[in-house]
Each structure stands twice: as structure tokens, then as C-alpha cells.
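After this come two complexes, each holding subunit A, first together with subunit B and then together with subunit C.
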Partner chain A sequence: MASQPTKWALGNQAPARGSSQGLRTPANGKTIYNRPLNRSRTQELSQASFAYLFGEMVSYAQRRVTDIQDLEKRLNNQGHPIGLKLLDLLLYREPPRSQLRPLNIIALLQFITTVLWKHLFARPADALEKSSNPETPDEYMITDNEPLVNQYISVPKGMDQLNCAAFVAGVIEGACDGAGFAARVTAHSMGTKTEGELWPGKTIFLVKFQPEIVEREQFLGKS
Partner chain B sequence: MSYYFAIIGTQDNPLFEYEFGTSKQGGDGVARFPEQARHMNQFIVHGSLDIVEEVQWANGSMYLKCIDRFYNNFVSCWMTGGNVKFLLLHAPSQPAATTTTRTSIANPTSPQTEEAIKQFFTEVYENWIKAIMSPFYHVNMEARSPIFRQRVVAAGKKYL
Partner chain C sequence: MHFKSLLLLAIQHVTDRVVFALMIINKAGGLIYQHDFAEGLNQLSSNDYLVFAGTFHGVHAITTRLYPLSHQTVATRSSLSNFDRPDPPSGIEVLETESFRLQCFSTLTGTKFLLFTEPQQANIEGILRRVYELYSDYVMKNPFYQSEMPIRCEGFDRRLVAYLRPLNSR
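Let's turn to the complex of A and B:
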């Protein structure tokens, strides 16, 4: 009961102050602007709570969708702003000497597979490859053997094509778009369901850059 | 020295504007652009965007230094990772208005000025990231936060 009066006092104070400034600030007066952008490396989030949240995000996206592509597109859209924002945040956290904007496709993808991946999943991506098909020089593949987001997702029988890592694809797409490399990123399941498969959840993120980006890359490479 | 600071989004759309004067050497922090030239600031800054697009691919660093000049107006640029441009137009006060004692501070491309502007941009960048981290902020949205504005004002006072 002792704490009750203080709670009331806070509750009465906050709206009064907020209305006078037209802006509501926390009771201690500290906003996000008072807090540092760097955080200690050991600070991690609970995977259980993330899995719970992500499960809800998938079922939210699943409402009123007509097909699997539509669902994946919605998941992609949820991830897109995260990629945009992480790009700036992670560049800021880089040591000052390597605080460089990625200027070519390789630098950008390396930033994504190392810095971004380590930030999100605490390990780098498993592979980064360029498409060997000469007809599609604009395609790159990022491989993750065991996407963290899919760990507690079981895909129902009739929806084999669905890969909820489309959310991660959205994050990658956001980072590419933000850096000025417009791209379409899609997630594809590559693990076979056979017995003894080492990585049943293996996922490939196909990054397809827009033609003008490839053209610019060639032009910049020459000069 | 008078300053005009603008943040330009990825589609060359303005997101934030602020006009101020120097607080160094006893300045009062009030911009003193000649009245008939003041409205030109936006045009000059907008005109320098073409040069930003050329320079941004040649150099990966965020601080692109002084990139453009239009008569007595100099434009410095900082490019964020998300392709948002910070542009600072700085105009030394007209020589007619002052005496010859201020030769050293008048040079807008001197290393000291460059460094001061860099520190200003770095501080604004930090606050910019905090502003865009808001889950309600979408790309190319105007920065309306009064606290963000306060912080930019403080950075301007501190370094320029």
C-alpha cells in the first residue's frame, strides 16, 4: 500500500505536463535521445519471447491473404523498415575508420552477411554466392543453414512452398534499398526432407538487383 | 557566418530545415543572410544535389566535405547510410559589413571549419538515427520531433 500514493502522483502529473508542452515525455524526463546508440555486446534478447512474437506476426500476416505469395509479401513488408533502419544504426556502430557507406554490390552484401547477420542472429551467414548462370548476372545468393526465425515454425502439409524467412528477406531488401541498391529478395527452402539431411531448414535468400543497379555498377567499375 | 541546414530525403524531398548564425567569436546565433538573398538558400542547396549524386559514388565516407559553391555560399554535405543527405550552406558575412580582422575565420574551406562542420554533422547524425529508430517513422517522413530540433540547435551552438 505504501507505493500506492506515489503511483497516483505520477499518474496525475504526466498528462498535465504533457498538455502544456504538446509532447509527452517519460516521468524521469529521459527520452530515447538521452540514451546512447552503442550497446554492450553481451546484451541479448530471449529467443523464446522472439519466437512467440514472430509466431504472432506470421498469424497476423496470414489474415485475409489469398495465397502463399501474398503471405510472403506481407512478411517481407514487415521486415523492410527494419533493414532500412538497421543499415544506419550498424554503420554508426562500426569503428570510425571502417564507417563507410557500401559503394558496390559486393561490399553491401558482405556488410549484410557479416555485420547485419551477426547483429540479428549472433553469427555470420553460411555462404554468399554469385549466380553462376551467365543469363542472370544480377542474382546473388545468401545461404543460411538454419534460419533463427524458422526454428519454431512448422509449415503445414499443403503449404510446402512457404518459408517464413521471407521476413528476413524483407530485412535484407530494406538494407539494399536503403543503401541505394534497389533489389528484390526472396527466401527459398533448399533442405530436402529426406532422412539424414544435415540441414533440413536450409534457406537461400535470392537477391535480384534491378537492371539499373547492375548498369551503374559496370559504369562505376570502369571509371 | 550564417548557416542554413537542411535534411534531404532519398527522393530529393526536404525533411528538416533550420537557419542559424555562428555562436563562435561572440556571435549571437542569429542568421544574417541579406534579405534579398535569403530565399535563394533553398535553391542553392537544391542545386547542389546534382553534385552530391556525383560525389557519393566516388567516396564511401559519410562526410563529403564542401561540395559546392555559389558566389559567397558554400555547401557541405554529409551522406547517411540510408541515402539521406545533410546539407549545410555556410555564408561568411559580407566583407563590407566588417573590418579586415576576421581573415582566418572567414575562410570556409579551411581545415578548422571543415572539422567543426564534421563534428556538427556527426552529432546531428547520432540524433538522426535516434529519430528514425522510432517504429512510427517511415522513410522520407518529415522529422517533426521537437527534441530532435532542440538537439540540432544545441549542436549548432556547440560547434559552429
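Let's turn to the complex of A and C:
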């Protein structure tokens, strides 16, 4: 009998806690998970708020980091799960007959440079090339003349090697891994070396597939 | 003769509208940015620029306390809600000399933008607003910038020059 009032108290508290408003649950109780997956037309976000968020992500990744490779690796890791999930989501949103997972390297990379790029940055990537070097047939290059994530970022003098688009490289890597094409993707700044001033932020994403993937591709191509 | 005078007029017109330089002073009175966009002002030593910034900051701070009216308005308006609080006293906004005009724009956080122009330069407020926009985009959104420290952002420099060069050559 003595425990009865406390039970009531708990029972009263539970719904109050559930409906408490905070950062995680908006006032109308509808989170991102309540929305239909296919509604994509009007999903535009503020670039300023993304810039602040991304700035904090870079500062966060910079803590307790020893060198630039380490920092890029961390940014890459932040992007990886996004790519993994985006692959599923974007394939689901494709019209039913093209919902198939990309089955070869070219189809996958084209999916990334068009569908994925348009979803993230509202425009396709600027170029997709295969490495012309016969020694590295496993390398592909995706070019973005002005990566959206780097728009407001000026890398300080001492960190010339750093390109914060390593985050986008992580997204690409996640999409490749999710499709069953294990790869390493790195971001490289090319603005200052080639073509000079026209696109100072020009970035090349170097996609290097694992040897077994290239082998499989060659085997499948023959049959 | 007529053509010559026209040409002279044109040159006059061009030299009348020049943005010489921009300085940014942080809220502690330190110079965090100084950039020249056109010939016309003498170069000072970097130490003198720092002294200038500190002095201007001090004079600005005192002039905000000179004008008594804004305190009266605070007293009469105290019954109103917090939302229509009057603007803080502004302090020095313009300094004019024979050869240049210094316009000061103070943000709500106390950062000051000083623009040195020809006295006849039009739309200075618009230029300063645009400079402030560039500052808030390319300096404040840059994760590698520590606030109140000297500004070394290549993207900010590039956009600033791209915006002010066409104004000077018009």
C-alpha cells in the first residue's frame, strides 16, 4: 500500500518527460523520422548554418590531433557514415526501374557525381576522369571546382596540405563501401598549381579502389 | 581643346571616387586588419598603424560618452519593453580632411571598420555594409580564425579586393 503513491508519481512523470521540449524533439513532436522519405523537393538548408556547423566540426576534429593526415582522417571518418546512409536513401528515391545498386565502377561513380552530388550540393560534379597512368588503373578522379564545404574556409599558411573537403571524400568513401566497392578517397587542392586563379578552391577527389575490386571488375568485364 | 577638357573631367571623375584603405579594429582597440586598395595615402610603419588604431579606439570610446541625450531617452523610455531599446551612443562616425574621409562603422559587438576614401566617394555606408558582410562570411565562418586575433584569411582578402577594385577603376 505504501508503494502506491510513489507509483502514481512515477506514472505522472513519465508522460511529462516524454513530451518535454528540447533540442531533440521539436514543439509539434514530429522529428525527422516522422517525415516521408520521398519528400525531397523543398528540402533546402541554410548555407550559413551549415558553415557554422562545419566550422565547429573542423575545430572539433582539430583537437588532440598530431598532424594534418590525422586531421583529414578524422574529417573523413565524420563523412563516412553519411555516405553509407545516403547511398540507400538516394537509391530508394530513384524511379523504381533504376533502383538497382550500381554494379560496376563507372555506374557507381556516375551515380555519385550526379545523383549524390546534386542531393548534397544542388549541382553535379565538374568532372569525372579515369587515371591516365597505366600503372594505376584503380584510380579515378572527381573534380569539384568550388566545394561547398570549403566556401568560407581559408586554410592558414602553415597547413597548406590540408583540404577540409576530406569530409566530402569520406562521404564518397562511405557510398563506395556501401555499394560493395571498397575504396580509399582523399581530397587534394589543385587550385594553385594548375590553371591558377580561375578556380582557387579547385579540389580533386582521388578514388583509389582496392586491388580485389579492380580484379573483380576485369573478370566481370570479360564474361 | 574641348576634347582635352573632357578627358580631364574624366580623369577627375575617376580620381574622385577612390577607396584607399580598410582597417579593422577589435573591441579591445587592437588593429587586426589593414589593407591598402589604391595609391594616395602615405604608408605608415606598422607600429604607427597600431598606435593609430589604439588612439582612435580611445577617442571613439570617449565620444560615445560625450553626448548626453541618449541617456535621457533611456530614462523616458524605461516603461517600454526591452525590445525597442534605443541604439547605443554612436561615437565618432566621420572624420574628414582635405584629401580623404574616414568613415567608421562600429558593429554591435564593438568591432570597428574604418574606411579611408576620397571625400567625394558616394555610397560609403553601402560599401561598409558589404565589407561587414564579407567579414562575417569569410572571417567569422572560418574555423581557423581565432576571434580578436589578426585576420589572415586568404578568402577574405580575395573577395575584398574583387569587390573594391572595380569600384576604384570605375
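Of note:
We adopt the following convention: the second predicted complex is superposed on the first by the 184 of 223 C-alpha atoms of A that agree within 3 Å, B and C clash if a C-alpha of one lies under 4 Å from a C-alpha of the other, contacts with A are read in each partner's own complex, and residues count from 1 in each chain.
Definition applied: a contact is a pair of C-beta atoms (placed from the backbone, for glycine too) under 8 Å apart; a residue touches a chain by one contact, two chains touch by 3 or more.
The model shown is predicted, which means the values in this text are computed figures rather than measured ones.
Of the two partner chains, subunit C is the only one touched by A:Val58; subunit B is not. In the overlay built on the shared chain, the residue A:Leu206 is in contact with neither subunit B nor subunit C. By the touch criterion stated above, A:Leu120 is placed in contact with neither subunit B nor subunit C.
By the touch criterion defined above, A:Val155 reaches subunit C but does not reach subunit B. Put subunit B and subunit C next to each other and count what each touches on subunit A; the higher total goes to B. With both structures placed on the common chain, the touch criterion links A:Gly178 to subunit B but leaves subunit C unconnected. Of the two partner chains, neither subunit B nor subunit C is touched by A:Met190.
For subunit A in complex with subunit C, the residues that touch the partner chain are 48, 51-52, 54-56, 58-59, 62, 152-157, 159, 164, 200. The part of subunit C that touches subunit A in the complex is made up of residues 137-138, 141-145, 152-156, 158.
Those residues of subunit A that touch subunit B in the shared complex are 21-23, 31-33, 35, 37, 81, 84-85, 87-89, 91-92, 99-103, 107, 178-180, 216, 220. The touching residues of subunit B, counted against subunit A in their complex, run 10, 56-57, 60-62, 79-83, 125-130, 132-135, 138-139, 146-148, 151.
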